Amino acid sequence: MIRRREARRGGLGALAAVLLVLPFVLPNTYYLNVAILAGLNAIACIGLNLLIGYAGQISLGHAAFFGIGAYVSAILTAGQGWPPVLALLAALVLNGALAFAVARPILRLRGHYLAMATLGLGIIVAIVLAQEVRLTGGPDGMPVPPLVLLGWSPPGEAAWYGIVAVLLWIAAWLSLNLARSPIGRALAALNASEIAAATAGVDVARHKSLVFVLSALYASLAGSLFAHYAGFITPAKAGFLQSVELVTMVVLGGMASTFGAVVGAAILTALPQIFATFHEYETIALGAILMGIMIFLPRGLVPSLARLAGRR
Amino acid sequence: MLETFLQFLFSGITAGAIYALVALGFTLIYNASHVINFAQGEFVMIGGMATVFLADAGWPIWAAAPLAVLLAVAVGVALERLAIAPAREASTVSLIVITIGASILLRGLAQLVWDRNFHTLAPFSGEEPIRVLGASILPQSLWVLGGSLLAVLALGWFFGRTLLGKAVIATAHNRLAAELMGIETRHVMTLCFALSALLGALGGVLITPITLTSYDAGVMLGLKGFSAAILGGMGSATGAVVGGLLLGVVEAMGAGFLSSAYKDAIAFVLILVVLVAVPRGLMGARGAERV
Amino acid sequence: MSLLEVQSLSKTFGGVAAVAEVSFELEAGHVHSVIGPNGAGKTTLFNLIAGAVRPSGGKVRLDGADITGLAPHVLAERGIGRSFQTPQIFAAMSVAENVMVGRHLRLDRRLLPSLLGMPAVDRANRAARERAQLLLDQVGLGQEADRPAGGLAYGAMKRLEIARALAGDPRLLLLDEPAAGLNPTETAEITALIQAIAAAGVTVVLVEHDMRLVMAVSDHIIVLDSGRKLADGTAAAIRADPAVIAAYLGQAQ
Amino acid sequence: MLGLKNFLAASALLAAGALAFAGAAVAQAPIKLGAVLATQGGPSFLGDPEAKVLKLYVDKMNAEGGIAGRKIELVLYETNGAAADAATFAKRLIAQDNVDFIIGGSTTGETMAMVPEIERAGVPFVSLGGASVIVEPVKKWVFKVPQTDRAAVEKVYIDMKQRAAKKVGLLAGSGGFDKSCTDNARALAKTHGLTVAADETHGAQDTDMTPQWTKIKNAGVDAVLYCGFGASSVVVTKNYAQLGLKIPFYHNHGSASTRWIQGSGAAAEGVRLPAEPVLVARQLPDRDPQKAAGVAFGDAYKAKYNEEPSTFAGYAYDALLLMADAIKRAGGTDKAKVRDALETTKGLVGATGIFTMTAADHSGVDVKSFRMVEVKNGAWRVLY
C-alpha cells in the first residue's frame, strides 16, 4: 500500500511536471491547440476509464454525454444568454440525471449486450442532436460563445491550455483517490466477480450506477469546455465513431490505469495530426498502429510498458 | 391502406434480409471465439467492391463474384492468423479494439487500392419490380432473402450435422476441453473467420445491386448487423435472421407510420426495450450463472 | 432460539426441482453440515440462503426476520457471509485487498471524501488493512498479503475466501466445500480453522464431501438427496440412519 | 515508483511524436496555399474531386510559371467532414504552415468551424461550403464559391411552378448538406406559392426508401425535391422507379455528376436538377462566356482522372481562379491586400459561374448562373 501511494504521488508529480513543461517546448499555438484537445479528451477518458477500466463495464455511447455537455453549454449560452459557468453546471446536472436514470436498467446487461445498449443510447442522442435543427443547428452544427469566468475570458491558446491542464490534473487526482478508496476496491471487485462482490456486501447495482454517473460527468465537463474552446460544435462529436474513439483511447493507454487514459488520449489525438500529411496512407497507418499495439501490448501501453520496465 | 402497409413490409424485409446476412457473420465468429468482429462490415464491403472492380475490368459476374469472395476469405484468414491468434490471451475489449483497428486498416486499403466513389452492380434478374396487391419489391431483394435463408440452413446443417461444426461448438463452450478431446482449436478459429468472411462477402455481392457499395459501406452495415445479431441473441443463427428482419421491419414501419427522421432512433429504442426485458436477446442462450 | 429457519424452501430450474420443500433450523453458535450426493441441491440451497438465487417458494428467516429473496449485499449486511465452490476471488487485486473488500460494509463509503482522498479514507484503509492482516494470519496467508491473489494455489484461494467472508463480521458463515482439492495437512488446518471460527461464536454451515471433516466438526448434519431433505440430526444419528446409508451406499457402489 | 515510470514512458512517446511532426523550415519564395477538404467519409463526394482539382491545377499553374512568377505550394489536409478536425487544421495551416491563402471546408460545418480562427488570424479564405450562413452576415476574411443552396432551391421552385405544381414533397438525407437544402425548401415554399405536403428523411447509407416514397405518394404531391447525395441519391431514384411513380422529380446539385446517372441507370430518366454550367459546358451556346472555361476545365480533368468532373470539382477550380486573380491584382501575398482584391473581384469567369464580389456580397454569383438540366438518354441535357 505504501509503495502504491508513492507511485500515485510520483505519477501525479510527473503529470504536473509534463503539463508545466509542455507549453514551453511546444513551438506554436497549433501544438498548444493539439495539447488542449488531447487534454479535453484525456479528461473524458479518465472518467470513461473509471467505468471501463476499473468497473469493467463497457460503454460504446459515451460521446453522447460529451455531446450533451457541449450542446447544453452551447444552447444555454448562445440561445438563452446564460453565463457559461452556469450552463456548464446545468449540463453536469442534466447529464448526471440522464446517466442516473438509464444506469440501473442498462447496467444489468453484461458484455456485448451492454455494449449494444450503450451504443444504442449514444446513437439516439446523436440522432436527436442532428434532427432538432431549430435547437442545435442540425448536422452543420452551431456556434458557441466564448467561455467567461468571473468576467474574464481566456484570450488565447495559452490561457486555455492553463485551464485544461489544471482541470486535467484535478481529474486525474480525483480518479486516483477514488481508485484506492473502498468504493474503488468495490468497483474492481465487481469487475472481477459480481456475485463475490455482492456477497462481500457491495451493492453492485448502486456502485455501477455511481461510476456510470461519475464517468458521464467527466465527459460532460470535457464536452462543455470543448464547445467553448472550439467555438463551434457539430453532432458528430456525440456520434458512434467518437464513442469508439474514446474507448480506443482508454484501451490503448491501458485499462484500469488513470495515466494510461491520459496517454491513450494524447496519442490518439496526436496520431492523426502526425499522419495528416500522409494523405491516403493515413487511415492505413492508424489502423495498423492500433492493431500492432493491441497485439503486442494487449494490456495497453502504460501497464505493459510499466511491466517491462519493472522486469528489468 | 393494405397496399401502404405491404409496401412498408416489403421495404422492411429488403433491409432486414441485408442486416440478417451481416448478422450471421457476427454470429459465426462469436460462436467460435466470443469475439465481436467489428471488421465484419468490411468483409461485406470487400465482396461488393472487388466484384465491381473485377466486373469493370471485363470479368463476367460468375467469375468476378467467386474471386471477390475468395479475396475476402483470404483477408479473413489473414486477420485471424496475424491479429487475433497472436492476441489470444488479450481481454475481450482489447480484441474488440484489434478488430476496430482492422476495420480502419481495411477501409484505408480499399480506398487506396480502389477508390472513394460509390459503385453498383447490375441486378441478377432484372430491375422489373414484382407487384403484389399494389406494393412492389425488387427481384434482387428476393435474392438477398434467399441468400439469408440458405445461409441459415447451411449453418444449421454445419453446426448440427457435421463433425467439424460440432468441433466449433465444442471449442466455443470450452476451449481447453475441446483441445483435450483432440480438436485443433487453432484451425477451428481460422475456419470460422474464413466462413464468416465468405458469408459477409457473399452478402456484399448480393446486396450491391440494391444498396450500392463504396470503401466505407461497411461501417453502417456492420453497425446494423451487430444490432440485429444482439437483438436476436448473440450466437444464435436463427436469432440473427429474426433480429435482422425485425430490425428492418421496425425501421420501415417506424419511417412509414411514425417519423422517417427518427426511424433509426425508434429501432434503437426497441432494441433497448427488448434488452431490458430479455437481457440476452430474443433467442439468446438462457440459464443462470453457476457459482 | 434458532439463528436461521428454513421453511419448505424450493427452487425449480426449467421445471426441474433443484431444491424441493426443504425445511430445517440452525442453532446459533454451532457447526452445521449439509451433505448429499452430487446434484443433491447443496450449492443451490446455499445460493438460496445467501441471495444469489431467488427461491421459487418457501421462507428463510434470520433471527426471526423474513429474509427470503433479499439481495446478497443486503444479506451480507444482515450478517451472512459465504465462500464459493469454485473460488470467486478478485484475481487482479492483492491478497490483502481481497480481504479489505470483505470489510466493505464496515468502512467509510461516502463518495465525496473518497474522491477528495480525505484523511478519514486513509484511516479507514489503514484500519481495514490491519484487520485484513490479522485475518490472513488466522487462515495462514499472512505472508502472502501483498501478492496478487490470482497467483495463489487453489487451497490458498479457498482460505482467502474464508478470510474475506470473516472480514464482514458475519453471524452466519456458509462454506461451500472448503476442503475440496486440499491435501491431508491442509485439511487438518481447515478443520482447526473452522473449529476456531465456531468457538468465536460464528454459526458455520458447511457443504462438504470429506466425511472425516464433516464428522469431526459438525454438531448437526442435514442430508439432501435429489433436492429433498433425507435426514437431519446429530452426527451420530445420521451415521445410524438407514435411509442415509442406503442413499450413500447406492451412490458409492 | 510504478506511476513515474509509466509517465516517463508516456512522455518519451509523446516527445517522439512531437519530433515526427515538427515541420520543415519555411521557404519564402512560393505562394503557400492551404486547403482543408473532406475527402473521406460521407462528404467525400465533395472533397475527393475538389482535392483532385487542386492537385491537378496547382501542378498545371506551376508548369506555366506559377502566379506572377511565384510557384504555388499546396498544403492539403484531409478530413472526414468532422468540423472539429477542420478547426484544428485551420490552426495548423495558420500557426504552423504559415499559409498565404486558404481554400476549403468542403462542407458548411467544416467551414463554420474554421471561421473563428481565420477571422482572428486574418487570412484570405475561400470556402467551398454551400449554406448561406457562411457569408451572411458578411465576415471580413471569408468568401465562398458555390451558389448558396437557397439559390438552387429557388431555381427548382421556379421550374415546379412552370409545371403548375402546388403541393411539393421533400425527401432528404440526414447530413448537413441535405438538411440545409430542406431548411431552405421549407422556408421558400410560401414565397413561391407552394405548400410542403410531405417532408421525409432517410438515414445515412439506408438501403431502402420506399416507405418514405409511399408516404409522399399518399400525400398527393405534384412534385418532389430530393436533397441529398452519394449512394443514397441513387437508391432514392431507384425506389422512385420501383414504385412506378410519375411525379415530377427534382434532385438538388448533390447529384450533379455523371456517376449519379450511371448508378441510377434508367431510373434517372426525366429527373431534373439545377446545375452549374460546368456540368453541361459543351451544350452551352458558343456565345456563352462560360463555355470556353468549362470545356477546357472538363477536358483537363478527364484527361488526368478519366472521369467527368462533378460540379464540386468546378468549385475547387473556381476557388483557385479567385485566388490567382486576387494575388495578381494585389501584386503579392500581403494578406490584407489579397483580401481587398478578393472583395473587388469583377466579372471573373469561372467554371461554375461569373464572380463579382462586393463588400456586401462575399458569394458573388446569383441564380442566373444555374442551369436547369434534365436526364435524357443517360446524359444531362440543358433545358434553359
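All chains are identified by letter, namely A, B, C and D, in their written order; residue positions are counted from 1 within each chain.
Note that in this section a residue touches a chain if its C-beta (ideal position, glycine included) is under 8 Å from a C-beta of that chain, and two chains touch if they have at least 3 such contacts.
Values in this document were obtained by computation on a predicted structure and should not be read as measured data.
Chemist: Which chain is the middle one, judged by CA centres?
Modeler: The most central chain, going by mean C-alpha position, is A.
Chemist: Is the C-beta contact count larger for A-D or for B-D?
Modeler: A-D
Chemist: What chain lies farthest away from subunit B once each centre is taken as the mean of the Cα atoms?
Modeler: Taking each chain's C-alpha mean as its centre, the farthest from subunit B is C.
Chemist: Based only on mean CA positions, could you tell me how far subunit C sits from subunit D in angstrom?
Modeler: Each chain reduced to its C-alpha mean, subunit C and subunit D end up 70 Å apart.
Chemist: What is the distance in Å between the mean C-alpha positions of subunit A and subunit B?
Modeler: 31
Chemist: Go ahead and note the Å separation of the Cα centroids belonging to subunit B and subunit D.
Modeler: Computed value for the inter-centroid distance: 34 Å.
Chemist: Which residues belonging to subunit C are in contact with no fewer than two other chains?
Modeler: Touching at least two other chains: 52, 84, 88.
Chemist: Scan subunit B for residues touching two or more other chains and write them down.
Modeler: Residues 111, 219, 261, 264, 291 of subunit B each touch two or more of the other chains.
Chemist: Considering subunit D alone, which of its residues make contact with at least two other chains?
Modeler: Residue numbers touching two or more other chains: 40, 174, 201.
Chemist: How about subunit A: which of its residues touch subunit D in the complex?
Modeler: Subunit A reaches subunit D through residues 3-4, 6-15, 18, 25-31, 33-34, 37, 130-131, 133, 138-141, 143, 226, 230-234, 236-237, 257, 259-260, 262-263, 266-267, 270-274, 276-277, 279, 282-283, 301-302, 305-306, 309-310.
Chemist: Using the touch rule from the top, collect the residues of subunit D that touch subunit A in their complex.
Modeler: 1-11, 13-14, 17-18, 20-22, 40, 76-78, 81-85, 87-89, 91-92, 94-96, 107-109, 112-113, 115-116, 131, 133, 174-176, 178-180, 183, 201
Chemist: Taking the touch rule as given, give the residues of subunit B at its contact with subunit A in the complex, in rising order.
Modeler: Interface residues on the subunit B side: 30, 36, 83, 86-87, 89-98, 100-109, 111-112, 219, 223, 226-227, 230, 234, 261-262, 264-265, 268-269, 271-272, 275-276, 279-281, 289, 291.
Chemist: Considering only the defined contacts, which subunit D positions touch subunit B in the complex?
Modeler: 39-41, 44-45, 48, 174, 200-212, 214-215, 218, 230-231, 234-235, 238, 241-244, 259, 262-263, 265-267
Chemist: What part of subunit A is in contact with subunit C in the complex they form?
Modeler: Contacts found on subunit A: 1, 173-174, 176-178, 180-186, 188-189, 191-193, 195-204, 210, 256.
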